[in-house]
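My questions will all concern the structure given below.
Letters A, B and C mark the chains as written, and numbering starts fresh at 1 in each.
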Amino acid sequence: MISKRALPYLLLLPATVFLIVFFVLPFLQVAWYAVTDDGGFTLQHFETMRQDWKFMPALTNTFLLVIIIVPIQIALSLGMASLVTKMKTGRELVLYIWTIPLGISDLAAGLIWLSILDQTGFMNSVLFHLGVVDQPVNHLLYNDYPALIAAVVLAEVWRSTAIVLVVLVAGMGLIPKEYGEAAEVFGASPWKRFIKVTLPLLRPSLQTALILRTILAFEVFAVAVALTGTNLPVLMSETFHWQFDLQDRHVASAYALVLLAVSIAFTLVYLRVLRVREEERA
Amino acid sequence: MATISIKGVQKSYGTFTALHGIDLEIADQEFLVLLGASGCGKTTLLRIVAGLNSPSRGSVKIGGNEVTHLPPRSRGISMVFQNYAVFPHLTVFENIAFGLRMQKLEKAEVERRVRRCAGLMHIEGLLERYSGQLSGGQRQRVAVARALAMEPSVLLMDEPLSNLDALLRLEMRAELKSVLQESRTTTVYVTHDQVEAMSLADRIAVMHGGHIVQVATPIEVYRNPATRFVGGFIGSPPMNFLPAEAVEGGWQVAGKRYEGPRADGLEFGIRPEDLEPAEAGFAGEVRVIEPLGAHQLVTMNVAGQLFRAVLDSDRRVSLGETLTLAPRPDRVRWFDTASGLAVAA
Amino acid sequence: MSAVTETEAAAFVPADARRAGRMLNAAIIILLCVWVLLPIYLVLVNALSDPQTVTGWPKHFVPTFDLGSLSFFISYAGVLKALGNSVVVAVLTMVLSLGFGAPAGYALARFDFPGKGVFRLLVLMTRAFPLPLLALPLAVMFIRTGLDDSLFGLALVHTTLALPFSVLITASLFSGIPFELEEAAWTLGCTRLQAVRKVVLPLALPGIAASGVFAFVTSWNEVFAAAVLTIRNRTLTAFLIQSLDVSPLPLKFAGAAVLVLPALIFLFAVRKYLFSLWGIANR
């Protein structure tokens, strides 16, 4: 007979051990690899990384993508969530359609948009039928930087807005209707209601959505590789390149540590800026 | 068939003590009601008898057997829960049969007992339905039938009627009483509703702040409350209390002299229905009149205190009028000011 | 009198404006549906057209309904094996993340105990970390333990991705089942385990299945760790990304279609739970 007090710990044990072995320790190990060489402390790997000519482009590209993609997705999802909460019929169907990309991998999304944006893709075909072009034009030229960024942004917004939408729709569902109705009785316009009632009450969900989405946006990888090959290096693809092609796990770990640092920094900022004080909780 | 013996049961959660050393003996076939306001510890006590909570100290015996450390399934009890706890994924039949199947009874016996208990609770027609297709009252019946089908030595009920609407509650109360009188199972019943307690109980245990303050028959609890709290808790409207001042050879209450027991300080108590119009009574100005059909509830100001009287509705009373009402002498109760305990006259 | 007509006028104009607003909303909703569906349709057009059409130009917007591209994809060396590997890893991930996650979810839902907050924090912390990076140190660990280039090893990494969600989802599932039902089962003769098996699990099963599907899709779609950790035992995503620069367009697009389809089907199966479970468990 297992004592009542021990039971919850026994139930947590497998998951805890698993997370320690496959989550906590490996991340400590990444940090270790990044700052050691044959057991001795060194900053050489960071130096190698910094002097790699692709490091700065990868860093700026990643940040640029995050800074463009995340706000678009938040705004888009807020709009979509407000639209859908007002719907009376067909709500289920619309939500299903809008969340389909949730099940689509970044690689598949990259390939899907490749089929559109490629030289022989559907976009050129439309342009041809409209008489804008008379032969296939390559829109994803290696030196057309804005086009490459735009392509990745397009594919990422298409693919991963759904996760923000799900969190926000669920969050809006938790806000009692009476609050909005009360605001309406006191004469608030729909826009004022959204700004003064919905948004503040949505803060916990907004925080979650921002953290989830920003971390994932820093991990942008397969979309960029599928659409641009090596023409638009990002932090994740460089990590992969050093680990897999150059077989240098120390420099790869240095890259990983940079990603880790920005991820955690952003999480902390969101937690601080969007915090919900204890006394505000209903 | 079993007695229940609770000895020195104490329950603390951290620094909070929910039960302070409870002692209670419940006789075989007795219907005992644990009555008290929310947070008084009555449900905790019931759950300790059920084995759903374990006491910090003390022991519980059922039918003479020590069960303090046994799980619920080994205690020979069954229980009716406040929210019925009818399993939503099983039919009514399977719900009632659940405990019988756990005991691995023969198919025919399961069938027989389910039919009999469903019959007792008048739900024979619902056996193939699921919980979601039942009304609250019907779910309540399933929960009781499921508990009875176990043929337990002790039946425990945790506010079983509190989620029903008023009319249904009245109906179920009468039905429960007749079914349980027939089954003669030792029953512990938790409620915060004094009318329910009065109408069902052989004995009532009134609980307050983790203590049992009085255990007695319903009439005894009503007529002779053991403490000022019980007098104020039981009865609707509750007992009136007036401060008493010691004077030579007795006590002065609202300007009138009464004989009373000797004590350091006393309070005078009288139930609102035990007042009769008389010249030699308490005088008070009528503040509120509430007609209740057969009676009217009159709230007066007697010596600066709110004072309620239940009068026949034929009697004309008008606001602002000064009434004089005399207490029936045999119904006057005295309470010690310091301890709140009743003091015999 | 004039006040009355003014209010009437005020009520009249917004009614008209409201109708226009509704039309606009409907138009935006439809447009957004097209935005989501069109790219998927287009890649399916490619997958269901013959290879010449796929590489040709200009494109047509209806498929030629030729299985050429798909059969080319299927017969391409390594594809079938990769497909099989993807399924095996995803199923393993599903089993592991439910096997470890559900008991933990039950503990979070049913008990109050010291250390509960710490465990929750550990689970929530995984969100702030770019988890696919785990593949780097684990690659070394796997070489030491002989798990390198193995499907089981990859499934372990994918479980790290899926486990936090299955813990949180099952916790919210179990808290949604009244504890009273379990207590009732105990008073009716069940042990703790029997009560879970006979009462809690049947009620939680659809939700648990949904959580399993999420785990499956997580693994099925994962690219980075799969590409780092497998060499000969590629999963489909790893296979596709590593042969991107050498594979012809029909192969890529057929591959994309094959990647997308199971996810679509699974998502459809669990759509009911998407918002109730996932959205809330994520908070």
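Rule of thumb we're sticking to: a residue touches a chain if its C-beta (ideal position, glycine included) is under 8 Å from a C-beta of that chain, and two chains touch if they have at least 3 such contacts.
This structure is a prediction, so every number in the text was calculated from the model and none was measured.
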Chain-level touch network, classified as line, ring, star, complete or other: line
Pair of chains joined by more contacts [C-beta pairs], A-C or B-C: A-C
Computed distance of Cα centres, chain B from chain A, in Å: 59
Inter-centroid spacing, chain C versus chain B (mean Cα positions, whole Å): 54
Centroid distance [mean C-alpha coordinates] between chain C and chain A, Å: 15
Contacting residues of chain C [partner chain B, same complex]: 178, 180-181, 183-191, 194, 198-199, 202-203
Chain C contact footprint on chain B (complex, rising order): 50-52, 71-73, 77-79, 81-83, 85, 87-89, 98-99, 102-103, 146, 150, 156
Contact set on chain A toward chain C in their complex: 5, 7-9, 11-12, 14-16, 18-19, 22-27, 29-30, 33, 79-80, 83-84, 86-87, 92, 94-108, 111-116, 118-122, 124-125, 128-129, 136, 158, 166-167, 169-171, 173-174, 204-205, 208, 211-212, 215, 218-219, 221-222, 225-226, 229, 236, 239-240, 243-244, 249, 252-253, 256, 259-260, 263-264, 267
Chain A-facing residues of chain C, complex: 25, 28-29, 32-33, 35-37, 39-40, 42-43, 46, 55-61, 99-101, 103-104, 106-107, 110-111, 113, 115-116, 119, 122-123, 126-141, 156-157, 159-160, 163-164, 167, 192, 217, 220-224, 227-228, 237, 240-241, 244-245, 249, 252-253, 255-256, 259-260, 263-264, 266-268, 271, 274-276, 278-280, 282-283
